[in-house]
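Same chain, two partners: chain A is paired with chain B first, then with chain C.
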Partner chain A sequence: MRFADLLAELTRIPGVRGALLVSREDGLVVADALMESVDGKAVAALAASLTGRMNGVTAALGHPEPVSWQLRGSDGMLLAAPAREGLLVVAVAAAEANAGELRLRLLSVAGRAA
Partner chain B sequence: MTVDDIQALTAQLARDPSSLVFLPLAEALRRRGQLEAALAIAASGAGRYPEMAGAYDLLARIQSDRGEGDLAFDAWTTVLRLDPDHVGAHKGLAFLSFRAGDFARSLRYLRRAVELRPRDESLRGALSRVEDAAGVRPVPGFERGAPDPLRALEAEVGLALLVDPQGRLLAGSVHDSGGKPASEQVGAVLAGISREAERTTRLLGLGPWRELSLEGGPAHFELRTPTSDSVLLVTRPREIPAGRLALLADRAASAARRWLEELR
Partner chain C sequence: MRSLEPWVEAPLSTFLAESGARITLLMTSSGQVVAQHGFTHSLDVMSAAALGAGIMAATAELSRVMGSRPLDAVVHQGSALGIHLAGFDTPRGRWLGLVVFGKETSLGLVQLFFGRMAHDLGRAAPVEPPSRPVLAENFEQELNSSLRSLFGR
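The block that comes next holds the complex of A and B.
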């Protein structure tokens, strides 16, 4: 399946403002589907950096890396799930988006993205 | 006090209902376990002398013995209104607060009681026991040790951690997957995460960050910022539903916020 098709599974969820595939190693955009207002490069870099931090928490506890994470602010949220081959699936959404549905779809996409 | 003494005091009170013998009489009955009779006499005396702190203290002790914590709390609060330095009321309120799991409040009352009666070894011993139970530890940046606010929320220790912006431990503890203490290591990482989360939400226009959820393999994690200068981690095995963990984290964050405000 093409990256664009995978990302479309995320962006069709109401409230989602963008979805990306990101290289975890360097935080660069591999593929994206974004609304105009979303800065893909910034999202990619920040999501990759935060993922590294999250891995630090689980590593300090002797656990494997997280399956996914969600950062919620008062006006929106950022979600990410590691995929194979050093990729990270990332979504940016409005605060009122269905986080549960988005998480499930994110994990599904992460399982197929490579 | 013998039965004869009690009968004599009872007769004296019957002859003169305004007599202050209601105090030793109700106390004697309380000590003998005759709580109902003691309560009736103490309540009547307190009603007759509404400005007498000792009458309400006696009433509170009887109510406490009867398991009527709320009523005892009210009575001891009345005592402190009448006499703010009443050691017995501070001690009684500390006991009730401890029994209710409010360690911070219990410590406040006991510390005040010790200030009022510094040579009382039993009070010092009680303070020491409550400090142990509350998990009191030195708090970076604060002169006096404070109870661990997460202790009261946690059925199991090792599942919640509160740190300051430098990653120094404020309260709680976490263990690694092998059961070894890992608070220091996790605390150091948490401080960096908070800064990164703040930067991310600011740059992406997501508003101030409120919650960070990690879905792990064997465990899930929730992060909160109880105050602008603290970070809280709460973790549970993945069998605990994510929504319940989020609620636990919210509750722990509220407790931590109150605790930090009290310290200041």
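The block that comes next holds the complex of A and C.
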């Protein structure tokens, strides 16, 4: 399946402002589907960095790598899930978006990416 | 961190803190060093500046031959270290930044915060450029003065 089709599964959820496939190692955008207001390069770089740090924390605690993480703010949220081949699936959503549905879809996409 | 001009220090400090870069060198497009962080030997700084300016000049010429606009950045990615070399415009003319980074950060972060530093430098630059032409008779004195500023001795 093409990356664009996978990302479209996320962006069609109401409230989702954008979705990206990110290279985890270098924090660069591999593919994206974003609203104009979303700075994809910044999201990719920071999400990859945050994922690396979280993996460091869980490794230090002796836990396996997280399958997803969610960062929630007053205006919106950021969700990410590691995929194969060193990729990371990231979604940027408004605060009112259905986080449960988005997380399920994110994990599904992460399982098929790459 | 050492800088020839004080207004460069704040944007460069922010970049170093945010990006996690190990070594950063800011220079003019002709290779004249403006600021540096991470180098301990002046010879290394001068060599890196000359090589960086040469690489950017070579890629600009390559772009011209290909009928393209000059490339903004060149990245060399190694297994342990990466090098990000990019040009940006300031009120003082076109500058180059050479950044060496390791596994503790990423190319995406370096590029992100490099762009912000370039923007901040453009805003921080004083309107009036220093009007001290470097003449042949005082070139050595100017060079020594710059090296003392960059290395504090």
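To be clear about the criterion, the second predicted complex is superposed on the first by the 114 of 114 C-alpha atoms of A that agree within 3 Å, B and C clash if a C-alpha of one lies under 4 Å from a C-alpha of the other, contacts with A are read in each partner's own complex, and residues count from 1 in each chain.
Simple rule for what comes next: a residue touches a chain if its C-beta (ideal position, glycine included) is under 8 Å from a C-beta of that chain, and two chains touch if they have at least 3 such contacts.
What you see is a predicted model; the values in this text were computed from it and never measured.
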If touched residues of chain A are counted for chain B and for chain C, the larger one: B
First (chain B), second (chain C), both or neither touched by A:Val92: first
First, second, both or neither for A:Lys41, with chain B first and chain C second: second
Chain B versus chain C as contact partner of A:Gly56, first or second or both or neither: first
Partner chain(s) touched by A:Pro64 [first = chain B, second = chain C, both, neither]: first
Touching partner for A:Gly27 - first (chain B), second (chain C), both, neither: second
Those residues of chain A which chain B touches in one complex and chain C touches in the other: 42, 46, 49
Chain B residues within the chain A interface of the complex: 174-178, 182, 185-186, 188-190, 192-193, 196-197, 199-201, 203-219, 221, 233, 235
In the complex with chain C, residue positions of chain A that touch it: 22-23, 25-28, 41-42, 44-46, 48-49, 52
Residues of chain C defined as touching chain A within the complex: 77, 82, 105-109, 111-112
Residues of chain A that touch chain B when the two form their complex: 38-39, 42-43, 46-47, 49-50, 53-54, 56-58, 60-64, 66-78, 92, 95, 103
